[in-house]
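Going by the order they are written in, the chains are A, B, C and D; count residues from 1 in each one.
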Amino acid sequence: MGPLVAQPVEAALTGRPHPITGAPAAARTAWTCPACAAAQPLAVAREQLFVCPTCAHHARIGARQRIEHLADPDSFAEWDADLAGRDRLAFVDTRPYAERLAEAQARHRMPDALLSGAAAIGGHRVGLAAFDFSFMGGSLSAAVGERLARAAERCATLRTPFVCVTTSGGARMQEGVFSLLQMAKSVAALHTLADAHMPFISILADPTMGGSIASFAALGDVIVAEPRATIGFTGARVIAQVTHERLPADFQTSEFHHARGLIDMVVDRRQLKGRVIGLLRVLAAPGGRAGTDASAA
Amino acid sequence: MGPLVAQPVEAALTGRPHPITGAPAAARTAWTCPACAAAQPLAVAREQLFVCPTCAHHARIGARQRIEHLADPDSFAEWDADLAGRDRLAFVDTRPYAERLAEAQARHRMPDALLSGAAAIGGHRVGLAAFDFSFMGGSLSAAVGERLARAAERCATLRTPFVCVTTSGGARMQEGVFSLLQMAKSVAALHTLADAHMPFISILADPTMGGSIASFAALGDVIVAEPRATIGFTGARVIAQVTHERLPADFQTSEFHHARGLIDMVVDRRQLKGRVIGLLRVLAAPGGRAGTDASAA
Amino acid sequence: MTAVSAESGDRAASEHAPGGASPLEADAERAWARIELSRHPDRPYALDLIGRCLEDFTELHGDRQGGDDPAVVIGLARLHARPVAVVANQKGRSLEERGRRNFGMAHPEGYRKAQRLLRLAGRLQLPVLSFIDIPGAYPGVAAEERGQAWAIAQTIEAQLTLPTPYVAVVIGEGGSGGALATFLADAVLVMEHAFLTVASPETAAAILYRDAGRKRHAAAALRLEAQNLVGWGIADEVVPEPRGGAHRDWDGAARLLRPRLVHHLERLIAQGVDAARRRERYRRIDGLATPEPDAGG
Amino acid sequence: MTAVSAESGDRAASEHAPGGASPLEADAERAWARIELSRHPDRPYALDLIGRCLEDFTELHGDRQGGDDPAVVIGLARLHARPVAVVANQKGRSLEERGRRNFGMAHPEGYRKAQRLLRLAGRLQLPVLSFIDIPGAYPGVAAEERGQAWAIAQTIEAQLTLPTPYVAVVIGEGGSGGALATFLADAVLVMEHAFLTVASPETAAAILYRDAGRKRHAAAALRLEAQNLVGWGIADEVVPEPRGGAHRDWDGAARLLRPRLVHHLERLIAQGVDAARRRERYRRIDGLATPEPDAGG
C-alpha cells in the first residue's frame, strides 16, 4: 500500500517551530529549494506558494497552507474539528501507535491528516478538503476516511462541488484492516455525491500513493495533478526491489499518468486556483444542471 | 466497413443446385476441404458439420444448416419470413442493386441474409438467428437489421435467451447510411433484451467483420467463436495496403481475439451445441433469476 | 447546395455512354466536389468551432484506463451559459499535428475516451455536444489488437443509455462506424458540406467496383448530400455554411452553427429527454420496403 | 483456531526482554504459522474449491477491452441449482502455471475482467460469488503504466453499485487493495486460516520496522486472525477448515464451505439486496474513537 513513513514537509507553516529542526519560526527568514538549493526570502517563497522560482520544483505544503491558497479569504469553515482517530488495534511497532498519534496531533494541532470544511473558491461555494503529508505521511486512517466521507456527504446535502487535495503515502499500517476499509468507505461516500450529480474535483499533490490513489483520489470527475508529483500504487523502490525492472525516467510522475490518460491536466500550483475556478464556472454554473433536471426520465 | 462481396459458401445446402457451379445436387457426392483438399463422402462431411476430419478446417455453412445443427429437431419456427429489404437508394454500381437482391433472394429462397425464429436448444427455449454468408456476404442490410432487432425484442417479450450466429462481411454498401444505421438499431434492440435480464449469446463464425462485429456481435453477454474464424473491423488486405504494416501470423483470428480478452471461448463446431447447452443450463435455469427478482431495490 | 436527384434517369445505362458529360459523370463530379469541400485543408476543425461557439472550454484528457487518444477531444464548456460536456473528432492542421492526431481517426482509446465523457455527463447531468469529423475507423494492426470493433460497439451502447440531452453535429467527414460512435444523439445536425457515409468513397469504390479510383461514382451512388439525411429521418437539420464553404470564413460558419446548437439543446431540455426515447429513434430507422407497424411476436 | 489476545500485556515493553520466549515472540510465531498455512503450497486454490462447491462451471474470458488476465478467473455456474456469476483470484500450482497466473496477482486487466463480470451479473440479474486469494496488488512497471490504482478504484466502485446479491469468501491470502477489489460483498466469509491485511506482512515490516525480516512481528501486530474480522464487523463468518488446515483435505474443505455459501446466498436472496444497503455497510466501517451518530452538516 505504499510507504507511510512521514517525510519532512519542505515548507512548514510559519508561526510555529520548524517541525523538523524545532527552530523557532522567527529564525527562518529564508527558504531553500530542496531540489536546486536556490534560496529565496521566506516572504517571496510564500508568495510563490513554495514553487521554486529557479527550477519550478513544487515543494510540499501543509493542509492549512493549501486551504489558505485555494479558499477565498476568510471563507473556510472547518468541519469535524474534533473528530479524532483511535488506536483500534492497540498497535505497537517500534513505538506504540497511540504515542505517535498523540504526538502528531499535538505537533500539528490537527486531529488527523485531513482538514475539511465549507469554503468558497472564486465565489463558488464548495466543500474543500486537504491532506497534510507531514501528519504521518498523510496516511489513510479511520479518522481521515471518516472526515473524507462526511465531507463528500455534506457536499451532496448542500449541493456543492467537492474539491479534495490529496498528498498521502497510502494506508496507515498501524490501523490495519480499518485503514484498508477506508478505501471502500470513501468510495461509498463519493457515490452519494454522484447521486446528487455534484462534481468531485480531485487534486493530486506530491505524493499520492497506495490506497489513496486506488480509491477516492482516482475517482474524481476531473483529476488535476501538480507537476512532477509522484503518483502510483506501489512505490518505485519496492517495484525495483521485487521485479528488478528498470524504471522509466518519468515513472509515476504526474506527466507519466497524464500521458496515459489517467489524469486530466497537470497544472502549476501558481495557476491551480484559476484552473479550479474555470472548472467550477462550468460545473457549478447556476441554472445549469437545474435546466436538465427537467429531463429526468 | 469491411468487404461485403459474396464469396462462395464452401458447403452448400443439398437439394438445391450448387450456388457457384450450378451443378445439380445429385452430382455432388463428395466434399473436398478447401483448406487441405482432403475429400470426404458428402454424407461424412455433413455428419462432421463440414469440419474437415483431416485438418479441422471449419468450412462456411449456410443459415439453414446452422439452424439445423443447433436447434433441436423440428423445434425451429421462423419469424418474419416475408420481411424483405428494399433498394432504398435506387443504387447502381456495376449492376442495379435491385437486380442483385432479387437474384440472391431467388437463389437462396431467403428474403435476406439472416434467418430467425423460435427454437429449442437442448430443450431450452431460445430465439435463434443465423446469418448466411452466401447471401451477399451476410451483409447488414436494413432487412437484416430489422429481423435481428425484432428477434431480440421477441426474446425479451418471451423471456428467452437470444442466440445469434454471425457470419457477415459487414455493412451492405448498396444500402448506404441505412446499412450503417443498422448498427445502432441492433444495439438499441439488444438493450430491450438486457432490460429483460435475458442473455444474448453471440456466436462468431468465419468471417465476422466491419459493422457487424462493431455493433451487436461484440455485445454478447457471452461471445463464442469457431476456430480460426476471421474476425475484425477492417479487413487485413486494407490494413496492409493503407499502413504497410506487417500483420501478425494469427492476425484477426478467433484465437487472436480470445488471447486479447475479446472473446470468451473458441469452440470446435462439433462441440458447439454442447457448449451452448452448458451455458443455457446456467443462464436459462428455471427459478434462477426469478429468485433474485425479489431483490429489486 | 445543389440537390442531386438520384431517382432521375437510369444511371447504370448511361454509365458507359460515349462522351465525358453523361449525367452519371456529372453526378459523380458534383458529388466529389462536395467531398472535397468537406475535406478542405482550411476547413474549420472541431476545436476551431468549439472555440467560436462555446465559452469556458476546458479540455479533459484520457479514458481513465491507460490511454489518451489525441484524435478525440473531450471537455467541459458552456453554450449560451448552459454547462455542457463536449466530445469531438479532431484532425490536425500542421504535418506534426496531423500525425499526432492520426488524421482524426480514433484508436480504441479514443472511443473509450468518448465513453468516459458520456459517463461523466450522465453522472453530472450535463447535456452532451458532439462534433463529428472522422474519415473512418483506423485501419491498423494495433487498433484491431486492442479491440477497435468492441470499443465502437460499446460506445454505441453508451450513447444509447446516456440519460441527458445529446446534440451531435457532423462538421466534416462522417466516416463509417467511427462516426457512428458519437453520432447517435437526440438531435443530429449536419453542416451543409459535411456528410455521413457507410464507408469512405474510396473504400466503397474498392468494394463496389473493385477500383478505388472510382471514388467519384461511389460518392454519387451513396447519395452523400447532407439534405438526404434529413429527408430520410436520420438527421434533423442541415446547417448552412458561408458562401463557398466553411473554409472561407470560420467565424461566419460558427455564427451560423451556434444558434442551431442553442436551439436544439434548449428544445431538448425543455421537452425532456430520456435514453429510451433515443433508443426508439434509432430502433425505428427506415430503409425497409414494408415497414410493419407491429414488431411484436 | 487459537485466539491471540492483543490487549493483554504491553508488547512494546517486552519486545527487548531477554530470552527468546517473550510473549511477543510467541505471538509472532503463532501469527506466522497461520500466514504459512494460508500460503501452503498444497492449499486448495479458487478453481479447486469452485469445482467442488459449484456445478456446471463455465469459464469466461477477458475484459472485453483487449486483455485477459489469467490471475483472475471469471465464469458462470450454479450453486445449489441457483445460477451465479463467479469471480476469483487464481494462483498457479506448477512452476509454469504460477508464472502464467503471476502468483495470483492481478494486473489492471484482471480488475477490469472482474468489472466485466460484475456488469454481466447486473445485466443478467445473477448473484455474484467471489473467491479471494491474492498476495497483493502486483508491484510492476507495466501494472502502474496501465493504471493499476485507477483499475482498483473503479472495481471498488463497481462492487458498490452491483444490483444483485454478492457473497465473498477469503480462501487464502487477502492482500491489500488487490483483495479489496473483490471483497466488498453483502456477506463476507473468511476461511479459518485465511486473512485480510492492509499490506503483506513483509511489506508492513519493511514500512514499520524498516526490516522486511520482521514479518512475524508485523503479522502479529496487524492481528490477522480471521475471527477478528468478524468481531470488528468486517466479515460475517469464519468458515472452519479440516483439522490441520484445508491443504490436508480439499474435499473436506469444500464440504465445510459449500453450505455456508448456500446459506448466505439464499439468505440474501430472501431478504433482498440493493447496492445502497451495501454502500451503507462499508460507509459504516468502525475504527473511530467517538463515532458520531449524525454525520450531517
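Throughout what follows, contacts are C-beta pairs under 8 Å (C-beta built on N, C-alpha and C of every residue); 3 or more make two chains touch, one makes a residue touch a chain.
Every value quoted in this text rests on a predicted model; they were computed, and no experiment measured them.
Contacts with chain A and chain B are shared by C, D. Taking each chain's centre as the mean of its C-alpha atoms, the one that lies farthest from the centre of chain C is D.
A count of C-beta contacts for the chain pairs A-C and B-C puts B-C on top. Inter-chain centre distance (chain B to chain D, centres taken as mean C-alpha positions): 41 Å. Averaged C-alpha coordinates put the centre of chain A at 29 Å from the centre of chain D.
Those residues of chain A in touch with two or more other chains are numbered 218, 260-262.
Residues of chain C in contact with two or more other chains: 64-66, 145-147, 150, 154.
Chains that are in contact with each other form these pairs: A-C, A-D, B-C, B-D, C-D.
Chain D meets chain B in the complex at residues 56, 58-69, 76-78, 81-83, 109, 113, 120, 123-127, 163-165, 268-270, 272-276.
Chain B meets chain C in the complex at residues 1, 3-5, 79, 83-86, 88-96, 141-143, 145-146, 149-150, 153-154, 157-158, 171, 173-185, 187-191, 210-211, 213-219, 231-234, 238-239, 242-243, 245, 247-248, 251-252, 256-257, 260-262. Looking at the complex, you find that chain C touches chain D at residues 64-66, 108, 112, 145-147, 150-151, 154.
Remark: chain B residues 194, 197-199, 218, 221-222, 258-265, 275, 278-279, 281-283, 285, 287-289, 291-297 touch chain D in the complex. Against chain A, in their complex, chain D makes its touches with residues 6-7, 10-12, 15, 137-141, 143-150, 152-154, 156-157, 160-161, 176-177, 180, 184, 196-199, 203-204, 206-209, 217-218, 221-223, 229, 232, 234, 279-280, 282-283, 285-290, 292, 295-297.
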